[in-house]
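Letters A, B and C mark the chains as written, and numbering starts fresh at 1 in each.
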Amino acid sequence: MTRKANQPFVRNAWYIAAWAEEIDNGLLARTIMNQPIVIYRDADGNVGALEDRCCHRGAPLTHGSVTDVGLRCGYHGLTFDTKGNCVEIPGQKNIPAQANVQHFPLVERNQILWIWMGDPALADESLIVDYPYHDDPVKWPHRKAMFQIKSNYMLMIDNLMDLTHLGYVHGSTIGGNPLQHVGADMDSHKTEKGAYFIRWMLEHDPPPTYQKGGQFTGKVDRWQEFEYVGPSIVLQWSGALAVGDGAQEDREKDGFHLRLLHAATPETETTFHYFWSTANGYRQDDPNATQEMYDEIYPTFIEDKVIMEAQQERINLNPDRDLVEIHADGVLALARLSLDEMVEQDNQLMAQAAE
Amino acid sequence: MTRKANQPFVRNAWYIAAWAEEIDNGLLARTIMNQPIVIYRDADGNVGALEDRCCHRGAPLTHGSVTDVGLRCGYHGLTFDTKGNCVEIPGQKNIPAQANVQHFPLVERNQILWIWMGDPALADESLIVDYPYHDDPVKWPHRKAMFQIKSNYMLMIDNLMDLTHLGYVHGSTIGGNPLQHVGADMDSHKTEKGAYFIRWMLEHDPPPTYQKGGQFTGKVDRWQEFEYVGPSIVLQWSGALAVGDGAQEDREKDGFHLRLLHAATPETETTFHYFWSTANGYRQDDPNATQEMYDEIYPTFIEDKVIMEAQQERINLNPDRDLVEIHADGVLALARLSLDEMVEQDNQLMAQAAE
Amino acid sequence: MTRKANQPFVRNAWYIAAWAEEIDNGLLARTIMNQPIVIYRDADGNVGALEDRCCHRGAPLTHGSVTDVGLRCGYHGLTFDTKGNCVEIPGQKNIPAQANVQHFPLVERNQILWIWMGDPALADESLIVDYPYHDDPVKWPHRKAMFQIKSNYMLMIDNLMDLTHLGYVHGSTIGGNPLQHVGADMDSHKTEKGAYFIRWMLEHDPPPTYQKGGQFTGKVDRWQEFEYVGPSIVLQWSGALAVGDGAQEDREKDGFHLRLLHAATPETETTFHYFWSTANGYRQDDPNATQEMYDEIYPTFIEDKVIMEAQQERINLNPDRDLVEIHADGVLALARLSLDEMVEQDNQLMAQAAE
């Protein structure tokens, strides 16, 4: 069985446009699905996402500044509200109907700015992936980051939904012995909007970080849970409980808990924004614990960035060329299957919107 | 009303290829309208502009050197005079007829090298814009510069023929209060080869530079005069006379006078050479006055470069997309109208030359 | 007479892929004729050249590492032998038939790795250009180098098969007086696979390097011999014997001898790898002699690189434009004629292979 490497965009879906903290100081320029966008917070605290191109003479609005009434273009002063309506033209009372710029639905939730690039009429906020951990610093202190990756966004999904790479790509960091990963106990299935797997390593010695975090005295039952929520999100929950604490029945107990949010927002067909946050559900009173985990994980994201970009360079030479599947690609295949369905549905929605 | 951003080339016209001082030390490489050109001064002091490609094996002639008889290619020694005729082939007596390179009419006048990129038969020197101020250092000491701008050349014309940008782009330098500019008294009209406007600010307090330059003791009548001489030149005369000196009847009196020459020579469809010179018609005996004015104006050219290049980036995403016109675009629209006529005429001339 | 500048690839031929010493430390990434290739030496000392793209998910194999059984991909561990066969898939016993990567015939000889980019069935090792001097350090101590050149590979052949450029390009280094070269005595002819010339300068004063190398006390008979062995090799033998030693009858005598190997391996249509080695057949006991010659010649390769790259920039503007031939291009024309024949033959072979 073979399949292609690049994936087309699913436009009718929520994507992470930015961490909310990124626009604390005003404007943010970001390209999403080839569309240059300016994200800003107005004087009332509302956020907006507009096409980053003034309708007057095309200057990027990110060269402007926020005034009391909106975002003012830095060339001749036309000003736009968060919905893209022009609210001010210097020296002119009448504002012509066509004087406005495209806006994109933007929702601020869980310290995340979610954007909808498809038909605005379909931007149903109930479809946004819930991530309450960002709002619960007592139980889940966390840290956020964003990397620019020069690859199709699906290479992140491929990377995360197949852990056999741990031993090879991350051999010098968190990887451990490659064959240990190959032999782990695995449970996986397709979901309505993606794919899921949990991998169990029962009665293992906890690695140093786990031991320190969970203050274990003996062996543990470890798991790694990954859920792909298509098209762009992967939710990771890694952890361990002491043997005998019944991890396989109920994991919501004290022990070692690590939650990662991974989000791949397409910038172009061959680049994406990799948003990730890491929340430590252990040693919450120790201000160093979050930073230590971040520092431990950071290099692995660099390693993944290097391999995904190298992979894309080869794919670019001939994007239509087939790839050879191996046994380890099982969950990945489920994820790609879900995405195929989403792409098909999205094409129908876009065709309807164009009618 | 809407219009497009980029403009095609007008080939049958004189453009500034270089300041004469740029070739004092030999050769100069410059691309004009996508054509790489070598400009050089021969042993007799004559200037020539040749295609920068040797007819032998294509080496750029800018890698060569000037000899007694012409410009010698740096690869195998073929030598060309200022008209592009091959005058020497090492080891060979007969010079074949096809051994020559294309030449472009080039005229040295007012310390400027003017080039004609169209049909050489039409290169009428009387069409060259006169700029005698460069040759009158007693009355008009001056300083010259050239910037490479990554935008279509017409964005310079747009920029200069609409002063409403002063308050926004140059707010931190020479701009002043945006709305002051919007409300100024304005006189404008289309000309045979472009467009013209003069803006009057009567009975104003002179800005510091004006006061120091014109040694005013009270209020002044200020003007800003811009003349677009298509396709590529803008002549600027800014100044002020003391109130009561009758500035609106006759400006040729002592006061504060500043003349700028702006020239946009297309390098490609999306880049141009911005030649500018600034001449101070005041404090001519003070060697610092010219430098001070240059230093004051220099940052505003950088600000314009930044905004024009950002604007072009957006235009490049879709050059055919419409722009929305506002009231302040009045003179600009006249300038673009003139240019449309020039483009049409040029297309006819090129078609005739090709027959 | 005119001809074109760029040349298509001749695929069924041996090219230098690398100096053998380049892969002493493991893997080497190199692009040849647009094909990214990984070259490696396995645990048994055998060399292999594989397509630099894993068949699993396209990661470049140059991100991998050499194990006991082959080259292991750095992403998920698939391992390939020197013929491109997959010999290991982690966690999987069955290796599917399509799990292999393309391999290219590679031969190690004379400290050179020769690669064949055409039909493997035609990779006849007897066609490899013999270069025994690399293996004879007693008589021919030598030094090797490789430059990346941004031009079509044939510009190297053009450059070497026409010495009139010496006086112009290398005027400040080894060039000497241009007209001396024009007037030299020349013997040239087409060969079965290329072109040949020898240039004699009889009863000349030896240049300083020659005098020091050959320990001459009087005048010498000098020669410069160049043989183009298509499509990519030029063999140079420059030297001098004392007048009276009968150089024109038999050059295999003590004197001054310098052998250069020049090889142009196409990377893309407009770039190539310039391999060169310089062997001094004089002062062999003096360890400084080789380095001194290398240091003397090195700048001339830089000068050639500069002019070839500048030439290619102009050619790129219009690759189909004609070039004007002059008398000095005689041998060059023979070389190009040979190459035309090779291209035609290669096209036939490729068409047959595709049947």
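Going forward, a residue touches a chain if its C-beta (ideal position, glycine included) is under 8 Å from a C-beta of that chain, and two chains touch if they have at least 3 such contacts.
No experiment lies behind these values; they were computed from the predicted model shown.
Because contacts link each chain to all the remaining chains, their graph is best described as complete. Where chain B touches chain C, under half of the residue numbers in use are shared by the two copies, so each contributes mostly different positions. Per-chain CA centroids place chain B at a distance of 49 Å from chain C. Residues of chain C in contact with two or more other chains: none. Here chain B touches chain C in the complex through residues 36, 52-53, 55-60, 63, 72-78, 89-92, 96, 98-99, going by the rule given at the top.
Chain A makes touch with chain C in their complex at residues 2, 5, 158, 162, 164-165, 167-169, 178-179, 182-183, 306-307, 310-311, 313-315, 317, 321, 323-328.
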